[in-house]
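Letters A, B, C and D mark the chains in the order given here, with residues in each chain numbered from 1 onward.
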Amino acid sequence: MEPLLVLDSVTKSFGGLRVTAGVSFSVAPGSISAVIGPNGAGKTSLFNQITGYLRPDKGRIIFRQEDITDLSTREIVSRGMGRAFQVTSFFPEETVLDNVRVACLSRLNKTRKAIKNVSYFKEATDKAFKILESIGLGKQADRPAFELAHGDQKLLDIGIALGLEPKMLLLDEPTSGMSPEERLLTRNLIKRLWKEFNLTLLFIEHDMDTVFGIAQTVRVLQMGRLLAEGTPEEIRNNPEVITAYLGEEVL
Amino acid sequence: MDPSFIIMQFLSGLMMATLLFLVASGLTLIFGVGNVFNFAHGSFYMIGAYLAYQTVSAWHANFWISVLVAALGAGVLGMIAESVFLRRIYGRAEEGGFQILLTYSFILVIDDLVKLIWGAEYKSLARPTGFRGAIEIGGLTIPSYNLAIIGIGLVVVVMAWLILSRTRTGRIARAAALDREMLGSMGVNVPLTMTLVFGIATAMGGFAGALAAPLRSVVPGAGIEVIIDSLIVVVIGGMGNFWGAWLGALILGEVNSFAVATVPDWASLFNYLVMVLTLIFKPEGLFASRKIRKV
Amino acid sequence: MLKHKNLTLILLAFLVFVVWPFSVSAQEKIIKIGAMYPMTGRPGLYGLDSVDAAEMAIEEINSKGGVAGYKFEFTNTDSKAKPDYSVMVAKRYITQDKVHFLFGVVSSAVGLAVTEVSKQYKKIFIGTDHASTQLTTDKLQPYYFRVSNNTFQSMAAGALYLKELKQTKPWETIAYIGPDYAYGHDQWDELKYNLDRFGVKYKAVGEYWPKIFAPDYTAFITSIGNDKPDILVAGFWGGDTVAFIKQALPYGLLTKTLYFHPDAGGNYELMSAMGSDLPKGLVLSARHHNNWPDTELNREYVKKFFQKTGRYPTYAAEGAYAGIYAIAEAVKKVGNPDDTEALVKAFEGMKIKLPEDPDGFTSYIDPKSHQIVQDQAIGVTVPNDKFPPAKLMLGEWKVYKAEELLPPKEYIDKLQKK
Amino acid sequence: MKNHAKIKEVVFWALFFVIFGLIPLLEKSDYHLILANHILIWGMFAMAFNMLFGVTGMLSFGQALYYGLGAYSVGLMVKNFGDIWFLPAIGLGLLSATLVSILIGLLVIRVSGVYFTVLTLAFGQLVWQITFKWYHFTGGDDGIQSIIPPGILANHTVYYFFTLLLVAVSIWVLRRLVNSPMGLVLRCIRQNPDRVRFLGRRVRRNQLRIYVISSFFAALAGGLMAGVDNSIHPDMFYWTTSGEVILMAVIGGIGQFFGPFIGAALIIIIQDVVGARTEYWSLIIGLIMMVMVLILPKGLVGEVQLLRGRFRPDAKNRGENGTTFSA
């Protein structure tokens, strides 16, 4: 099967600093995989390039057999790329429901409608409720988003991304700032969402339990370079990765 | 056009530019360093003019002393305004909008207070002794006070350049332009710095007002007329950019001066035209001092 | 608790503040005047002077028992010199406060807006201090009367002065500088018209239009210097005159060329603001002078105003003063302030002796144009410290007969066609 | 919860029509009719302005441009072609405001924050200066007088009901807009523009849309005002006019749909009351503004709602769609 996303020697520098140095890998459709690496390894920059926030200096990015390197964020999103953010990104003053609903409306291309009430668009509302149920925020639908607990806000961020019905979903540290119990729940939730929504999932994560617990493939970035790629087992046993990043105690 | 006339018009433009720059520099300083848009900057200019008038006419002080008094007075008032009022809105969700509204309310209040204190009559200040006449150079008549102002403007530019590039204060000021929080983490007392910078900015306004007082009439509402023009200067130059303000003032002064000489009928439109044209091609001004967050 | 009390107090104070003025409705018969002078910003001084002078006239009349059994009551609302707000105020005066006369206004734009209201509601509007000729020509309506000169009269006098000047000091070239709005443009058009009308030969070498309230005139001054006109005609008012003269002085412009400013240049505020900095030999005039004519009435008026306010009046004050006396005169003739049509008749052709009338002349309101007809004097700045803080006042007067200054019929026709 | 919002909505409209419908019947005086007319028009103008500022987060200091455009379209056409053209002239004003706002909008939405504010101010001032200057066409500083609406509209009461109708329709349209998908996107743009881009929406294009819509209603306000005051003048383009509408919105509360309307009513009444009693009106308005910004930043309506929220057990539901557009 053709890979869903292909990165071909993607390179980006800021001033003299190389944040991405010729990174190449491909992501199979329907897979769930992780990108790990120490702080400053260039993980988020890589996501920013995939989603059009940054433009690579060199290299190509192919998504669903189409070159998206020079496309804008908006165009990339409309081709089925979704993303949740490291620093949670949502609409704090809107209700939880509307946060997701706006994404659903956008997906249905109804955001130019200026006279009919949002609730008139039943399809969007139903879908938003369905997503909220899936991520466990159904009971909080009418609360303004800023009132949610931090963990719930992270889920809401994912919920907004799901509203766009993405083919591929990028999650940037989905469990950061969570307690161990929350992490466990989130880990299971991610796995469930992956199946339920038929997603291709690529995530950045520091929590190794999450990484090794759910990823089929793990990629290690260091100083902008792809250090290793393989199954969790292979990565766990890769001596380079161990010295560079994982350290002894993880094993 | 006769070359000596061109020189005269150029000097007129330079004179206008210098006063504009002196006013605008304070406006751009506080925007660049503190990220505060002080709509009431013109009112501090007006306060400066009144303070100079007060010092000279009531206390019979030397004019140059009155200029210092005016700058000091406007500076202190500015610091009070910053620490009592403006500080309360930093970091609010719509800070930018509230800044404009709050400083707009300063304009309304200061205009009436000035009228309460000094009355509605026009005040006027004589040129200082030694600067009443004119200097004749090669058939050109140039008023010595105008030359003095152009000179003072140059001194301010050079001093500002030295301070900004060579001193710790200057570096802090430039750092503050980047990030208020970062400064805090560097151990700088941010609130105090903000108050001081605001004070310096309004002192510049007061200083300009005092210098302009012998040339203009001192009346309530005098601040309104300068704020729009200095706003144009600051916008053309790139908000928050010191050199931009200088260049902007120069452009405006000279364009005006030669427009008056060539197309007097339409001269009054040129300020706005220059601004609109600049902004169509460079929406962030000639010198954008930082990346504008595009939303 | 304390906070609550405070709040209640403030609310009470506010209520008193709001309601109190309504409760002073008197039993006695009153002539209500609703004035709209600006009290803020640049024109604030004119508003202040006008209100003081109007109140002074009212005190004089009321203390003598009023007219026809009526006493004056005067309210001023700060018009902010804004036409839309003034329209609101005028409508409030008419329909709410039931004033008998609309009164005042400094800016011609406000005057034009208010005369419209006056026409609609058939309420008499006495104009005291706006100069646009239009108000008494093409925009004239039956309920408008003006008790101060318009720019045409000033410029006709100016043209006559320039005609005479040719005999003593031959001149040829003339330049004009005036604020870039109707007032500035009208003056220049009217001066040129009158120069032509009186057969004066001239060559216009420059016209300059700074913005009103422009702070800086340097570029204009050097440019005028380059034109080297024999005569520089100025059409500023207020602080702009002060700023222009101050900036022009060191360039020697005012010695090389004759500074001629016949409408508002000779206003007292210029003399008081500039003191000894004012150069000698400027040719100026205004709609009233504190030292001309040297009549009992004028001396008395100036003295009283000074006693009341501690300052000498600008011409705006005399306009308001004249306005109140004109109303008193009309009410005396009609017997009440309510019969508008009869009052209009009373104003038309009314003769009234005013502080600015020299001996042997009495101002009158032209029944056709509703414009007051007055002599006009043009003077030259000379040392005179009788009106401090001024150090120079006008002197060497030349006086022009009122009748020569009226706009001829063909001029009015021309305006109407426009 | 939904019903709660519906009831509120119904209450507003009922109060609106009762109060503004009864004024001409109860008040013999023409003045209060005009005052109420001003409140209606300014209220609509302020609400339309708030679509930009309160909803989308774009502080325009140049809406006077469109207000003036609306007024001058009416003034110039009535003056040159006669009063029959009054209504078509309002339409022309709306059309030209739409075109001009698209043109200028394309230029100004390229920047944000204070830059946007200053740029809108600049364009407003440019047009003001042109109007002021182009004496032969616009009447310059003197403005245009004798703008009397034709036929029965010349009657003040009839004209009042005419504006009441148009204003009510406009408010209704704006209300629908706020609660529509587009309104939701606009609110989201203010709160988190980056995320909106990540919903696959063009932020700039939406900003342009609301800029044009807001300007359209500003022009309608200007056109209607020409018929109330019967005279117009270049001050309508001046930056203080833009400042006034901002002040109204802030005093009423920019986070509330109806806030700006209440703010407009308050400012007009304050100006009337204070202006009639003291020459120090600007001091008083300035102090009021200061207090609002420093102590009651959510505006009167917002603060009242906040107070009530504190005592209501279901405070959490205040974000329920329909009641407010921001908590």
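Convention: a contact is a pair of C-beta atoms (placed from the backbone, for glycine too) under 8 Å apart; a residue touches a chain by one contact, two chains touch by 3 or more.
Keep in mind it's a predicted model, so treat the numbers as computed, not measured.
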Residual chain groupings, excluding chain A and keeping positions: one piece
Chain separated most widely from chain D, comparing mean CA positions: A
Most centrally placed chain, judged by C-alpha centres: D
Euclidean distance of C-alpha centroids - chain C vs chain D, Å: 37
Rounded Å distance, chain A centre to chain C centre (Cα mean): 74
Centroid distance [mean C-alpha coordinates] between chain B and chain A, Å: 49
Separation of chain A from chain D, taking each centre as the mean of its C-alpha atoms, in whole Å: 42
Chain B: positions in contact with at least two other chains: 111-112, 268
Per-residue overlap in chain C, given as positions that touch at least 2 other chains: 39-40, 180
Set of all touching chain pairs, with the criterion as stated earlier: A-D, B-C, B-D, C-D
Chain C residues within the chain B interface of the complex: 39-42, 44-45, 47-48, 180, 206-211, 213-216, 218-223, 225-226, 238-240, 242-243, 246-247, 250-252, 269, 272-277, 311
Of chain B, residues touching chain D in the complex: 31, 37, 85, 88-89, 92, 94, 96-98, 100-102, 104-109, 111-113, 116, 228, 231-232, 235, 239, 266, 268-269, 272-273, 275-276, 279-280, 283-284, 292-295
Of all residues in chain C, those that touch chain D in their complex: 17-18, 21, 39-40, 75-78, 80, 82-85, 87-89, 91-92, 94-96, 108-109, 112-113, 115-117, 120, 132, 134, 139, 180-183, 185
Complex interface listing, chain D residues touching chain C: 29-32, 34-35, 38, 132-133, 135, 140-143, 145-146, 225, 229-233, 235-236, 271-273, 275-279, 281-282
Footprint of chain B on chain D - complex, ascending: 53, 57, 59, 61, 107, 110-115, 117-119, 121-123, 125-126, 129-130, 133, 189, 193, 203, 239, 243, 246-247, 250, 254, 280, 282-283, 285-287, 289-290, 293-294, 297
